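Dropping the structures in below, format is structure tokens.
In what comes next, chain A is part of two complexes: it sits with chain B in the first one and with chain C in the second one.
Then we have the complex of A and B:
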């Protein structure tokens, strides 16, 4: 499917942080953890998307965004189930379309329907309903906060857990020195195979890139995915003040490629010029601690490095 | 087919359900096929496609997704209908609990089919009774006319500001879903007077009314508040049902109480039944009456909320009552039996013998001989064990089947 991007968008691109919308669509003071990278990503996203939104939420960390009788959102919120936010988005979208076309609801009452889900819901039980919704060309924005495990239940392995990560259900042991032994599912590629109008990866450490991508996506229709790398102080094991540093290292080491898919083409929008060694990223997180002590596991670190190198070799300029 | 005004036409139970949704002026149908329900969604799909119905029909990817979409659409201000059966109900169970808690009005039809394992096609009520504790209102239909009428009444119940809950209309697979019966289909204008187009009684999602729904709740007390509210809303239906059925009767001439008392007044023996097999029970009552035996039947129609008081009154001074559960909770027995027992327990004039009968599992017929066996058991001293309607004839059939496949009779699994 081809996406139409108006020329005016190019001209109105955000260039510096002070260009961003000073209004907040998410008020401070939710029950989420200090230093949550995912919440920072969503905060930036909502600044672009504005208040005429309805967020369908999957069971996960972000369930704690709205705890009765509070909501920090200016827009609407619907808690669903772990695999149900996308079909719920379908129901809302269909209902608003029916009311506008059949019952004369003014267009100004329309809502941008957003799904917010963690990587567990997204890669695992929510994937089948999502695939179906992309196939139906559902007009919605999917925001996946990817903290690479089931975070809200205390950090268990998900389809997005990376090679070498200790999780509570992929512990590192002498028999399983890596902890998590599989690489992340290629969610970007899974969506790409459905050929939706827009897919992007974003980082809370790259607010300009993130905001421009949401601005671009906002002007489109159909299924649009954002995978937001979400450094997780409690699960990954780092000080909440270092969220931005961890997010930066994920990009600078090339572990988390910042890219977009539009008009059938993948573009890396924040390409690390000289990639740092992956261990610069790994060594700062408790979940990878077993790769460095008591005995340094050069074999596993080298495998992670080689996976990153192999990824980027595909896109050598 | 065009609407030709108030007339009787031959419809299957499934087609009657589709007509109910059509004349209810449904805006939205999220759907997924499953035997024996598929005819309903196929019919609605055709009607949306050819312009007899207006709004949207969306093919969903599972029953779980279907119920989520249904609930979310109802929360967004349109009149929603959907249908499922059996395994589909189970697959969507999480979503059904969820949307019931959302307190959204919509109507769903379940076409009863026994549950796996073993996988099968014919009906019993373990599927619909798995929704017993969801807080979804349940109406169980015996005939195609009831299916149609209940759907219209169901929207009135669901959308009542004192209720705001999904309502389920149940019909038996095969015995009713695929059986053609005469059904009176009223004029659309006449239906609209009874059931006006949807005007939500609670806020719905739209830009000018931002709201958070179904937010997390912490603390058992806060949680209890919402659950008890849900219970009270469901309880409200007992009285609201009476009002709505009276209005329906005044307009259309067919009256439905929460239970049907079939020849109960002087009955010494009573069969408590529901759904299409109640017709078999009524035939048995007629046969017994001809032979001078004072039999009667209590048909359960409104199953949630459970009309305990109405049932207790209907069974008062009826000495011998058999509750025929077309379901089985292994290790416990019939699911409805303890509910009936609870309903009559406190009354001095309760039945002296309340027998639990398990029959009709997986569509197993309930035959004239079975009713005679029930009568015989009712004349004996009450015991604890349920009476299973499974006899030598069934066993012989089972053995014959196995012999065809080369098993010996001795090798039968005990």
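Then we have the complex of A and C:
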């Protein structure tokens, strides 16, 4: 699918944080953890998307975004099962289209339909409906906050849990010293195989990059999908004040590539000049603690490093 | 039966404190029950845990509505009506407050019916484990002391067992044991009497709720962004304070605050919304000019 990006976008790009919309589109007061990286990502995204939105929210940590009778959003919010946010988005989109085309709903009252879902919903239960929706060219924005486990239920392993991470269902034991023995699913690649108009990975630590990507997506039609790395102080085991440091290290070590997919081409929009060793990222999180103590597991760390190196080899100039 | 209720914030080790208490009582020969109340609780949010001990089988279930002992790990919760810390207490309730204030001042300020037991366990936690707000061991030690009937070695064994299950290194466990001994020596002992005539079960008194205008309980869901009516400022254990003279107005703190609690004023200086700031301290960490200071929220009044 070919994307149409207006030329005017180039000039109106965000360049510094003070260019961001000063209005907060998500009110404070939600019960999400202090220092939530996912909330920071969604906050920045909503600053661009504005209030004419309808959010279809899968069960997950962000269940706590809106707890009846309270909502932090200016637009509407529809709560769904873990596998249901994309079918819900289809229903809402169809209803809006029918009302506009058959029942005279003015076009200015149209809403941008947004799916907000965690990595568990996105990689596991909700993957098949998403595949179908991209195939049908559903006009929606998908925001996946990726904290690499089922965070809301106490941090169980998901399809996005990385190799070597300790989760409640992949603890490190003498038989399984790595903790999680599976590697993270390549969700970007799975989505890319469907050839939608736009896919991007974003980090809360890169507000300008994130905002420009949402701005670009907002001007487009069809399925536009985002993966937002969401450092999780509670589940990953680090001090809440370090959320942005962890997000930065994920990019600097090359573990989380910041990229976008437009017109069949992948571009890395923030590329580490010289990648730091992965252990700089791993050693700061309790979920990887067993790789360093009581005995250093160089074999597992080396495997994680070689996976990262293999990824970047595809793109080395 | 003896009923204990523990109050604190997510991340302070309140659940672990109840587990240590339960295990210590079990080792001392009691029938024991301990459990936290789970909901949408998060780090910093008010947390409740319960314990029941008896020489006979404990058949009573559910939250403890009328505690014999109330252990309050975080004094700031007393100013928060939502946390309902003193609910179900009366003049006979033995109340412990982790505070720097005197018992007399605490009683007067919070309109308590009985004179509370006071000890600054945060200071001891800072001294022994360098974490003033990880209260699990110290609060359990206070609980053991207040109820009596449990020896120091039972407490220490319980700490070894409970902390040994977590991913805690041996040096930290040793530091916790020293901390527990110190608190055990410092906290007063009461050796509370166990009334065992009640065959393990007693019905809770009916709580008659005060009549309030409907608008108090039913804010308009049609109002956008009404989540702001919920104040999360009480989650905070530390307060970020901006020093404007050092601030260069770059807006990094505003951009990085996940809650959107920082706005830039007309002079490009950040203004923090303390009603909602959860105290993650990202702004302190990220400020390139180190213009934001951390102040510990130790008490509700000065």
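Here is the rule we go by: the second predicted complex is superposed on the first by the 317 of 317 C-alpha atoms of A that agree within 3 Å, B and C clash if a C-alpha of one lies under 4 Å from a C-alpha of the other, contacts with A are read in each partner's own complex, and residues count from 1 in each chain.
Everything that follows uses one rule, which is that a contact is a pair of C-beta atoms (placed from the backbone, for glycine too) under 8 Å apart; a residue touches a chain by one contact, two chains touch by 3 or more.
Please read these numbers as outputs of a predicted model, since none were measured by experiment.
*Asks:* Would you mind checking whether chain B and chain C clash or fit side by side on chain A after the superposition?
*Replies:* fit
*Asks:* For A:27, decide between first (touching chain B), second (touching chain C), both and neither.
*Replies:* Only chain C; A:27 stays clear of chain B.
*Asks:* If you stack the two complexes on chain A, which partner ends up touching A:64: first (chain B), second (chain C), both, or neither?
*Replies:* In the superposition, A:64 contacts both chain B and chain C.
*Asks:* According to the stated criteria, A:36 is in contact with first (chain B), second (chain C), both, or neither; which is it?
*Replies:* The second partner, chain C, only.
*Asks:* Figure out whether A:136 sits in contact with chain B (first) or chain C (second), or with both, or with neither.
*Replies:* first
*Asks:* Who does A:234 touch here: chain B (first), chain C (second), both, or neither?
*Replies:* The second partner, chain C, only.
*Asks:* Contacts for A:242 in the overlay, against chain B (first) and chain C (second): which applies, first, second, both or neither?
*Replies:* second
*Asks:* So in the superposed three-chain picture, is A:73 touching just chain B, just chain C, both, or none of them (first/second/both/neither)?
*Replies:* Both partners, chain B and chain C.
*Asks:* Touching A:18 in the superposition: chain B (first), chain C (second), both, neither?
*Replies:* Second partner only, chain C.
*Asks:* How many degrees apart are chain B and chain C as seen from chain A, counting from C-alpha centres and rounding to the nearest 10?
*Replies:* Rounded to the nearest ten degrees, it is 90.
*Asks:* Of all C-alpha distances between chain B and chain C after superposition, which is the least, in Å?
*Replies:* 5
*Asks:* If you lay the two complexes on top of each other, which residues of chain A touch chain B in one and chain C in the other?
*Replies:* In the superposed arrangement, which is not itself an observed complex, chain A uses residues 51, 63-64, 66-71, 73-75 for both chain B and chain C.
*Asks:* Report the residues of chain C in contact with chain A in the complex, numbered from low to high.
*Replies:* On the chain C side, the touching residues are 40-45, 167, 169, 218-221, 224-232, 235-236, 250-252, 254-261, 263-264, 268, 273, 276, 278-282, 284-286.
*Asks:* Which residues of chain A touch chain C in their complex?
*Replies:* Those residues of chain A that touch chain C are 16-18, 20, 22, 24, 26-37, 39-40, 43-44, 51, 63-64, 66-75, 166, 204, 207, 233-234, 240-245, 286, 289-290, 293.
*Asks:* Taking the complex as given, what residues does chain A use to touch chain B?
*Replies:* 51-52, 54, 56, 63-64, 66-71, 73-81, 83-84, 86-92, 94-99, 102-103, 105, 108-111, 128-129, 131-133, 136
*Asks:* For a test of understanding, state which residues of chain B touch chain A in their complex under the given definition.
*Replies:* 27-28, 30, 54-56, 58-62, 64-66, 68-78, 94-95, 98, 205-208, 210-218, 222
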